[in-house]
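Next come two complexes, and both contain subunit A; in the first it sits with subunit B, in the second with subunit C.
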Partner chain A sequence: MSAVDTAVAPAAVRSTLAADADSLRARLTRRVQHGGWFVAPFLALFALFVLLPIGRGLWLSFTDANISGTGARFVGLDNYREALASPLLWDSLGHSAYFTLLVVPCIVVLAFLLAMLAHHIERAKWLWRLCFFAPFLLPSTVAGNLWQWLFNPATGMINHVFGLDTPWLTQKSTALLAVVITTLWWTVGFSFLLFLAALQSIPRHLYEAAELDGAGAWQRMVHITLPMLRNITGLVITLQILASLQVFDQAVVMQDFGPGPEESTRTFVQYTLEEGFTSYRVGYASAISIIFFVLIAAVALGRMWLLRKREEGVR
Partner chain B sequence: MSPPLPSRRGVLGSIGALAVAGSFGLAAANRSASAIASDADVRVRYWNLFSGGDGANMIAMLDAFRAANPRADVKDSTLQWGNPYYTKLAMAASGNRAPDLAVMHLGRIPGFAPGQLLDPWDVRLLAKYGVREADFDPVLWKRALIDGKLYGLPLDIHAQLCFYRKDICQKAGLLDADGDLADVTSPEEWFKALKAAKKAVKGDVHTIGIKADEPNFSWWFFLSFYTQLGGTCLSADGRDVTFETDKATQVLEFLRRHLTDGFSTAIGIADAEAFVNGSAFTWEGNWSVPVFSGAKLKYGATPLPPVFGRPATHTESHCFVLPHQSRRGGATNEGAHQLAAYVVKNATAWARGGHIPAHLPTLDDKKYLALKPQSEYVSAMDHMAVEPSAWFAGSTGLLAQRIGPVIASANVGSAKPDATARRMKDVLEQLVAMKNPMEGRSATEGGSAA
Partner chain C sequence: MSTTTLSKAAVRKKKWTPSQIVLTAVGVAVSALWMTPLLWALFTSLKSETEAVEVPTHWVPREWTGQAWEALFESGNITNWFVNSLVVSVCVTFIVVFVSALAGYGFARTEFRGKNVLLGLVMAGLMVSPAVLGVPLFTTVQSMGMVDTYWGMILPQCAPAAMVYILYKFFQSIPHELEEAAYIDGAGRWRVFFTIVLPLSRPSLSAVGIFTFIASWNNFLWPYMVTNNPDLMTMPNGIATVMNSYGIQWAQLMAGGLMAGLPLIVVFVFFQRQIVSGVAHTGLAGQ
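Moving on, here comes the complex of A and B:
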């Protein structure tokens, strides 16, 4: 039908085409009507709890609003100017970025190794899986407090076991590292689970065929396992980058709500919280949240763009 | 013949019906329970930030109030102190869901938008329940006044103290004829005393715990000695920075020397534990009294040593406040006044936690005088070193949050004292230039700081 030139087509064909278009339109309308009702609750909640707050935050970022919400004045780009000139903003952003740089590669490698282990172990499979995944179920306050004890230089287990004398949480050089270690233990379970699921979905016959061809364990790993896990690795990296940039709760708990020794563990989210809720500068805090939002969105989009480019390259 | 099995739908239906009926039953039971509770005439919702020994003391005082006033129903909530507490209180007040009564630090009042997030006290109503201005230290009372209205009813003063082990100091020859710590009036004398004490200390505990790496304590100790030197942070109207870097450097060098001369350590070993285990001294808040008394130590406590000549020790105060309610008044408001007045007047129980009662007549109470070492450091009230009166100051406020870590970095040796003093001045200048978010004007633009 598409090949027919409608302008010169005979009347009968034209009317059939029109009827087709009508029925298509009706079908579409019907589908939107029916589907629309299914999507509506989600859209309503999304608008109410995501779009509306983002819009309001954007508006507040151009005002000098305080916590009481009264008497806010429009101040244009003042908040953004102040934020970009503030050393605290850059310091805290640096801490979040440094944390991300440390955590992401470690999590990916660790989660992969644990998943391989859990996948190949034959006895008490469930126990291993539970052990690796269980910490992820803890609330951040529990994980933070637990490791605060473990890192206690006088009574903590870490110094005791390794025969150290390190004041982990109270010196600049180790404070953020302690948060990284805590985070690895606490969150590796999630990525571990993703890797494990992906490992289990690799067809066994690939390995059998490779074995028949005389491929050793290392070759099977490099030529089957790793390529088959490429997509899930991409996903784990993206999710971890986004989560790590937003690091906040465990750092705050481990430093008793302070910014850490020489302000070395103040993360970007913590800085936002301080401005909004300690200083009551809601307008300014909104501006830095928007800056952060744009940064994170850029990272996520950049990652997607890279992924797509690679897929195109593969094709 | 077996009875007919119930259909799946039937079973689900019955379960649903039971659940609905059950919930009605529970609701009815709840209603009757709350009806019993609301038998009281007045219900006062009260928020505080007291945990540990202070929390237990406060609960005991509330129980005593309840026993004395059966018509009042006090619903108290204890929240985590520090920033989380102030955030919740501010949000509750701005969202018009504020409790009827709350506890705050006196230094935080100027930043808590008096008139906007806080309501003023009705002084006549307080007098009706037996609390008057004349019963308080004038300095303390004045700090609670904003534009002539009373926004905080002081409950106590808590001070940074110098705790000393009498057994060790005796051996080191540091006690006077009365068995108290002999006076020191210069840094040299102080370090000489520490040197003597170090020889008398057994085991591997340090001579004195000064919490060198803790931002809040670092700021409080700094402020104490800086005030001893006559230093100030801001002008009286809060608009100008009057911080003197040379005096600050002197204080920072003094604090640092505790570590470089080997009397203290920055590796975060809990100072209270070390003191219990045999350190000669520790500088700690007076709230450590129950810990040390509980450990049955022979110890004494004085305000921080006046090494720079004039005595001054950092103090803050807990005070009662009325969080803003758009329709404050009536019996509940009066109940809040009555409860606050009751606790303030009966502060001997409160003093067991180590705090100095703000209500002066309590200080003459025999039961209070019998509390040792509580009654030994009352002089801290006569030379209070307090944070400047500004919207960003007060316990765990923005000033402490920004300036504490700077001082701690000098204490532990990762920054030089003179550079640190200059950085502290920068912090103050940045804060003064910042707009008071609750007023929309910066101090330099004419926004009043207090």
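Moving on, here comes the complex of A and C:
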């Protein structure tokens, strides 16, 4: 309905058109109202399996509940006091944090390099994608077992190929490092794929224009590729931090479900599950879970806050 | 990085320029390194158990034998686990794609009371996984009587805030005009959603579906918590228990591991183009 049409039209027609426009607008608004039905199925599942457990965990954390769930007594902040004073909590948290500090930078750099490689080779593109992504398609238990064996000091390939006799998994100084190496190989494919998709969606004309202006390969990389990859890099870092803090599978599989040499590979998740399912102290385990949840939330919110600050800085 | 790869002419002709030769050589070397562990697993699975643990170790079997693979199928619950994994992952994938497409659209394109609060809650849910709140989630599922059932394995994996968020971002990017034109022609909300919005979102939906399938097929922690019954175990759990129960039979273990990874590798080989373009479409990789 353009302004010109209504201006030249007689008054009567003009008012009908206006009424039409009004009713159209009303109809469109009505269409988008009451959208609650769209989100209802998800919200039902979300309430049952996310919100309810958070609430329940919060309640249990103030009790001495065991696995059977009967006869729980309210104990106030006792669980939290005990947890925060427990060296096991801080040790396991330390292992998860150390793991995260090692894995995240390595994954980001490695994924970026592999994606650049796969993006720039012109032949057999599917082959590079398959090779780098394939390990991610293995279940964590399989990746863990496979590397447990590669790291085996006597029959494993790693010592054989490099001529070492390092007892990788049974000495404190290398046990967690072995888990880190396994994780790099196993999970880099996911971030690799994100980087690759981002590289492919950079408009080609940017490079062509830069080339006409005489920019060399290095300049194009610094002034086009890297800035265009900023968002995806941020996303990869966030996802990797959250995933790495939650490390569990590979670590327990490689140590046959134990805590590792001198308890050096017990991660935070493992500690929670041991308290909950091995010692049956559900109340205490819930308190640790809540501490963990708060920690993860702090990391995620901190990241969001940084992001917002940066956006404001850009503006 | 190479300079020639970027110009269109070079892409069309695929010339063997010096930089392409170098890059391809590097690519071959790196991917050979990357595939070595898998190849090692394959070779091991084709050795006899005694040859597999021989010292010093060697790459290629001296005597090729399918014994480990046979033992796997004879002794094993492996077909059983395979079916369980399939049932669980297919159900999870269908429910997740359906439910999060609806929710993503609802949040992106409709209005209702409390929308912003609910959206905030869903964002908070991004931080929760069975690893973070495993024990309370277990007791919740236990109180619903779903321990050691398929539902207990499936439903708790079906509320992934991340997938809703991805699709929410994607639906926001669809031009409003498309929907408005359909409304003017008299189509209802649901009709617009099913006949216009969903077909447009196929690449994003398939990316979400494939990632959900991979995550669910490979999920170890949740099935490990929620089931002790060997008949209900999924592939990753079954393999972990094989490892614990009979002492380590490496050849058999490697065969089992390859079996567990194979379906996804086949899926990836067929769908890799869609996966990469799907990721680009979801705005996950967005600029």
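Keep in mind that, in the parts below, the second predicted complex is superposed on the first by the 281 of 315 C-alpha atoms of A that agree within 3 Å, B and C clash if a C-alpha of one lies under 4 Å from a C-alpha of the other, contacts with A are read in each partner's own complex, and residues count from 1 in each chain.
In this text, a contact is a pair of C-beta atoms (placed from the backbone, for glycine too) under 8 Å apart; a residue touches a chain by one contact, two chains touch by 3 or more.
This structure is a prediction, so every number in the text was calculated from the model and none was measured.
**Student:** In the superposed arrangement, which partner chain does A:154 touch: subunit B (first), subunit C (second), both, or neither?
**Tutor:** both
**Student:** Which partner does A:167 reach: the first (subunit B), the second (subunit C), both, or neither?
**Tutor:** Only subunit B is touched by A:167; subunit C is not.
**Student:** On the A-aligned overlay, A:258 touches which partner chain: subunit B = first, subunit C = second, or both, or neither?
**Tutor:** The first partner, subunit B, only.
**Student:** After superposing on the shared chain, does subunit C or subunit B touch more subunit A residues?
**Tutor:** Touched residues of subunit A are more numerous for C.
**Student:** Which partner does A:21 reach: the first (subunit B), the second (subunit C), both, or neither?
**Tutor:** neither
**Student:** Please indicate which partner A:41 is in contact with in the superposed arrangement: first for subunit B, second for subunit C, both, or neither.
**Tutor:** After superposition on chain A, A:41 lies in contact with subunit C alone.
**Student:** So, A:71: does it touch subunit B (first), subunit C (second), both, or neither?
**Tutor:** After superposing on A, A:71 lies in contact with subunit B but is clear of subunit C.
**Student:** Between subunit B (first) and subunit C (second), which, if any, makes contact with A:217: first, second, both or neither?
**Tutor:** second
**Student:** Is A:274 touching anything from subunit B or subunit C once the two structures are fitted on A? First, second, both or neither.
**Tutor:** It touches subunit B, and subunit C stays clear.
**Student:** List the residues of subunit A that touch subunit B in one complex and subunit C in the other.
**Tutor:** Correct list for subunit A: 67, 69, 154, 257, 277, 282.
**Student:** In the complex formed with subunit C, which residues of subunit A make contact?
**Tutor:** The touching residues are 24, 27-28, 31-39, 41-43, 45-46, 48-54, 56-57, 60, 65, 67, 69, 114, 116-118, 120-123, 126-142, 145-147, 149-150, 154-157, 160, 185, 193-198, 200-202, 204, 207-208, 211, 216-217, 220-221, 228, 231-232, 235, 242, 246, 248-249, 253, 256-257, 269, 272-273, 275-277, 282, 285-286, 289, 292-293, 296-297, 300.
**Student:** Flag every residue of subunit C that touches subunit A in the complex, lowest number first.
**Tutor:** That would be residues 1-3, 5-8, 10-11, 14, 20, 23-24, 26-27, 30-31, 34-35, 37-38, 40-41, 44, 52-57, 59, 95, 98-100, 102-103, 105-107, 109-113, 115, 118, 121-122, 124-129, 131-144, 155-156, 158-159, 161, 164, 180, 183-184, 188-189, 192-193, 214, 217-218, 220-221, 225, 235-237, 239-240, 243-244, 250, 253-254, 256-257, 260-261, 264-265, 268-269, 272-273, 275-277, 279-280, 284-287 of subunit C.
**Student:** Write out the stretch or stretches of subunit B touching subunit A in their complex.
**Tutor:** 82-84, 86-87, 90-91, 93-94, 111, 113, 116-117, 213-216, 266-270, 273, 392, 397-398, 401, 404-405, 408-409, 412, 414-415, 434-435, 437-438, 440
**Student:** For subunit A, which residues are in contact with subunit B within the complex?
**Tutor:** Where subunit A meets subunit B, its residues are 64, 66-71, 73, 152-154, 165, 167, 169-172, 257-263, 274, 277-284.
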